[in-house]
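Below is one structure, written out as structure tokens; comments come after it.
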Amino acid sequence: AGCGNRGVSDKTPSAGTPDKIIVQVPLAPPTAPLFKMVEDGLPEGTKLELLVYNTVDEATARVIKGEADFSVLPVNVAAKLYNSGIDISLANVNTWGILYLVSVDDKVKEWQDLKGMELYVGARGSTPDVLTQYLLRRSGLKEGEVKLTYLGSPEIAQMVINGLVKNAVLPEPLVTQVLMNNQQARVVRDFYTDWQRSEGETRLPQTGMVVSNGFVRSYPGAVTGFQKAYAGALDWTVAHPDQAAPLVETNLKMPAPVFVRSMERTRLQFAGGSGASKDVSAYLARLLDFSPDMVGGKLPDEKFYLSE
Amino acid sequence: MINFEHVYKTLRQTRVLCNFSFSAEIGKILCLIGPSGCGKTTILQLLAGLEQPDAGQITGTEDLRVSYVFQEPRLLPWKTVAENMAFVLRGVVPSAGQKELINRYLSMTGLYDYRHSYPDSLSGGMKQRLALCRAFAFPHDLLLLDEPFNSLDVPLRLGLVRQIIRMWQAEPRTIVFVTHDIMDALLLGHRVVVLSRAPAAVLDAVDVDIPLEQRKIGRDPLPACYARIMDLLESE
Amino acid sequence: MINFEHVYKTLRQTRVLCNFSFSAEIGKILCLIGPSGCGKTTILQLLAGLEQPDAGQITGTEDLRVSYVFQEPRLLPWKTVAENMAFVLRGVVPSAGQKELINRYLSMTGLYDYRHSYPDSLSGGMKQRLALCRAFAFPHDLLLLDEPFNSLDVPLRLGLVRQIIRMWQAEPRTIVFVTHDIMDALLLGHRVVVLSRAPAAVLDAVDVDIPLEQRKIGRDPLPACYARIMDLLESE
Amino acid sequence: MKNSTFLNRGLPPLFGLAVLLAAWQLVAGFYNPVVLPSPVDVLRALADLAVGGQLWEQGRLSIIRGLAGFALAVACGLPLGLLIGLNPFVAGLFRPLVVVLQVIPLVSWLLLALIWIGFSKVPVFVVFVTTFPLIVINTIQGVWSVDRQLLQMAAVFRITKSRVIREVYLPQVAPYLMAGISAAMGTTWKAVAMAELFSVQKGIGAGMAVARMNLNTAALLAWTLFLVCLGLLADWLVAQLMLGKRKM
Amino acid sequence: MKNSTFLNRGLPPLFGLAVLLAAWQLVAGFYNPVVLPSPVDVLRALADLAVGGQLWEQGRLSIIRGLAGFALAVACGLPLGLLIGLNPFVAGLFRPLVVVLQVIPLVSWLLLALIWIGFSKVPVFVVFVTTFPLIVINTIQGVWSVDRQLLQMAAVFRITKSRVIREVYLPQVAPYLMAGISAAMGTTWKAVAMAELFSVQKGIGAGMAVARMNLNTAALLAWTLFLVCLGLLADWLVAQLMLGKRKM
């Protein structure tokens, strides 16, 4: 699998420390703690290099090439990569539910109220799409009773703001953007709570961090250190969103108020790979039922989850 | 009368006409003879209104319908022989008689069998004949001929000279005829104007005083005129 | 000897040559005269190897270096007069003498002052002269001339005829010369071949038996030859 | 002429493709199928799509959209190109517009296009916007290259402006236009897929989006292969058209 | 000649742009600025980008990538176009390849390109792949339109093949090539932005991606405006080049 790892990860001394750790991150909330980590520095002076990616293709390409040590990815993409034989494991899960049903229509309060309406959802076949379909079905709606229209999430948000779209499934921080720009828009449903309502106690894992196994083998100590630092920075971000906001603003051009307010609806919480395995496999099992392609055809085995 | 009055014309850096004056009588055939590159084609272009003089005036050409045999055949390669003729006749000649008219001129020049051929499968002389047909068929008040008999064999050429005379006698229209062949000029021209090297000036004008139909190579006063023109040309 | 043996040639649907045989003596000047469209240009193209016969054989042209004045000037519009000449001379004539050679030929035809002009600012006759210069300057064993004096005035033309005679006398090379001007043919040709209408056949070959330098318009046996050729052409 | 009939005999193009496929099969061995599936995998995925009826159902939509955009581009681009080429004032007014159309990337259009033109027509619009400048620019260059001697001839014989355009300009613009059409026809399929990828529920691009989401590279390439076939077919048709013109 | 110098006087193009801007300002009134900001908003965003140094820093990268891809496309496309035009065997082999390059959308390339070519070079590759066919196709058509009489002349005077290509073919291919270059130059900026949007950390496209995610439409359009300026500048330069050629 892969085509040879980049130099850093392959140095043989198994107990040494790497010169630098490369982490690729999306333009989204789980990235915030990493800016804090860059600012604070890692223990033992290891440098931390962040690569902000625009599309999942770009991220997967880097994972496959072994050009990143850690990568923040949707959980199902991580599973897909693992199932296609890429030598990675899930280091942690950090984001639990950032999807919401937003509407400008007063009459929409429940999923059932969408019957006969048009609902806008980000990219077809993505997790928002599948989860939306799942929740619609759980609410007793049949396929076709709600017309799903797919479009890029930013475009959907813009159209909701301009009143051109009535009902939409959006992730944070776009939800906040919509709420701030259109007074009529309301959050109708929270995917996380609806998920728990139908699945019992399992949480809804959405974004996690994968680590290349080559890196783990070379620097087990550094992985542990990184995990710890990340958990700490994550907790700090959740506790002090207003202090994290300037970091996000400079690095991601995301307006500070948007970030602060979006944190109210962004469930950031650190769970190590094996610690999250129960939630993750329950989640993946649901996706598998729904569309096997989304997880790479099968549930990943135990080795997928990085043991602490 | 068509008059050039103190006409100046410069093409790029070349002064072609410089205070050039001359006149052509309406309803007569005027021949222009002169050294290669002296400005004959430029004069025809001015007459046709395709070029404007830099200074001076050209009078008497207003409202004239001009027909022109260019020095190059200038055919449309994507049209057949017959279509090339129809191109200039459409909307001018009633479409009823058009085909018949075209065929008559094509037969006259021996192109009838080639009426469905494209120009690139014609020989040089055949292209030239087509250009002649086109100009003859187009209704005109002024006919400009720029070395129209290039690439034509002698019998064909003499035949065409006779044909032009007949056409002119049926309806006397102004013709300005540029040639390097002195004999052609003498057979066709009421007057032969001999031009100097560039910038062109009129060296002399030779009037040929016998009627067109009586002219024959060797008959007076053609030999004398021939000698006179030859002298003028060689003096240059 | 250059020989055409039972040559057949069809261009598109037109049968141009049909069992055509004829020969040209090495080191002599051969003139071809014939009705427009009879196949003269096609014969030159076959001689130059630009076309291949459909059947029959052409012998004696192997390994000959050919120089050709086409019926059209065929100049490169993006090169100046001098560059058009240099185009064919590069790699053939030592570059030391090249410029001098070019200037000599340009002066001879009165184009020297225009050596830096582009072809589209030349008159028709000037383009023709440039094509002549190019062909003369290019070292050759066989010179093909397709109506080379089109658009040239009489003194220029006679001058060029004299020039060609001088060049030939200095170094007698084979020349095949297509023209519609019988007098030019008689002044230049050792032998004048008269062709019939298409498909071309040799009607007759007239040998002119006095040396080139002694020929003059009006001097025997030119008038007799002239009449003979004229008869042949008119019989067609 | 000889050359071109040779060119259009099936053999050499097939040979080119065969070389391509062989190279692909060879290289695929070294990669994870997520990155580069082998031709066999891709053909299997293509067969699946074909059997499922998707290929035709989605493909048809994309083809219609592509052709609509392309036809629109030719229908508008040719007259505009003629006008710009002929008239300096129009050139001043519209040339920048053509550049603007050409330079603005899809994402910048997206919102405006969605709002103004509506979902299903965005791909048509995108195809139009990408191919239109090709037609216009080639037409302009064609007009500029028209033989001035023939224009003089037409002027002397007092041919009307509209006939001069149809009978003197157009035949001379034709080879330039053909180059534009040839280039535009190829780009069409790419543009339509790209636009569908961003904005539409159905069509080849939508199929590609799903395949991409699922890291199903074989399916992605199957769709791509379908596009390539479309492209080759279109190219062949355009080549036939050109030959027809050249024979004249 | 008269026409073209007129065309390149600044006035009419500026007028065209002014009309465009006025229309935009008018329409923007009806929309939320998140959907369609007014020109003034966009100019302010542009100024912000310029002051922050971003415009230049990112812009420079994109320009270099764009020009690199474009130059590569011309450098490869011209010889290949000549070869295809001249040689039916090469045509059979490479024409399908050109079509394939032209038809395959960015997303299909992406994984492969990212892995093979490396991240920072993907935009160069994408520009190459989009502009290369334009150059090739126009060159082919140019070669096909070469005057056969001049070729005969060159053959009689035994001009070597390489000189015939340089001195007879190229000058006649030039107007076709110019059309191709003109079209390609415009497309370059779109292609580079699109590729950066998908794949890269830096450059105009990356800036656009960030602006899009943050619903900063004014910034998105500011970047677009920058692209448009690039496009107009490039078009002007190409037009100058063409005029130079035409004057000859």
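When the chains are written out, they are named A, B, C, D and E in that same order, and each has its own residue count from 1.
Rule of thumb we're sticking to: contacts are C-beta pairs under 8 Å (C-beta built on N, C-alpha and C of every residue); 3 or more make two chains touch, one makes a residue touch a chain.
What you see is a predicted model, and the numbers here were worked out from it, not measured in a lab.
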item: Intersection of the contact lists for chain D and chain E; value: A
item: Between C-E and A-D, the pair joined by more C-beta contacts; value: A-D
item: Far-end chain from chain C, centres as C-alpha averages; value: A
item: Chain A-chain D separation of Cα centroids, rounded to whole Å; value: 38
item: Rounded Å distance between chain C and chain E, as computed from the means of their C-alpha atoms; value: 50
item: Computed distance of Cα centres, chain C from chain A, in Å; value: 85
item: Two or more partner chains touched - positions in chain E; value: 35, 107, 111, 115, 197, 212, 217
item: Residue numbers of chain A (touch at least two other chains); value: 3, 57, 60, 64, 152, 158-159, 162, 164
item: Residues within chain C bordering two or more other chains; value: 72
item: Graph class of chain-chain contacts, one of line, ring, star, complete, other; value: other
item: Chain pairs that touch, as defined at the top of this document; value: A-D, A-E, B-C, B-D, C-E, D-E
item: Residue ranges of chain D in contact with chain A within the complex; value: 30-35, 110-111, 114-115, 119, 198-201, 206, 209-210, 212-216
item: Residues on chain E engaged by chain C in the complex (per definition of touch); value: 149-150, 152-153, 155-160, 163, 167-168, 171, 248
item: Residue ranges of chain E in contact with chain D within the complex; value: 3-4, 6-7, 9, 11-13, 15-17, 19-20, 35-36, 88-89, 91-100, 102-108, 111-112, 115, 130, 133-134, 137-138, 140-142, 144-145, 175-176, 178-180, 182-183, 186-187, 189-190, 193-194, 197, 205, 208, 212, 217, 220-221, 223-224, 227-228, 230-232, 235, 242, 246
item: Residues of chain A that touch chain E when the two form their complex; value: 3, 27, 51-55, 57-58, 60-62, 64-65, 152, 154, 157-159, 161-162, 164, 174, 177, 181, 252-255, 258
item: Chain C residues within the chain E interface of the complex; value: 48, 50, 65-68, 70, 72, 74, 76, 78-79, 87-88, 90-92, 118, 134, 138
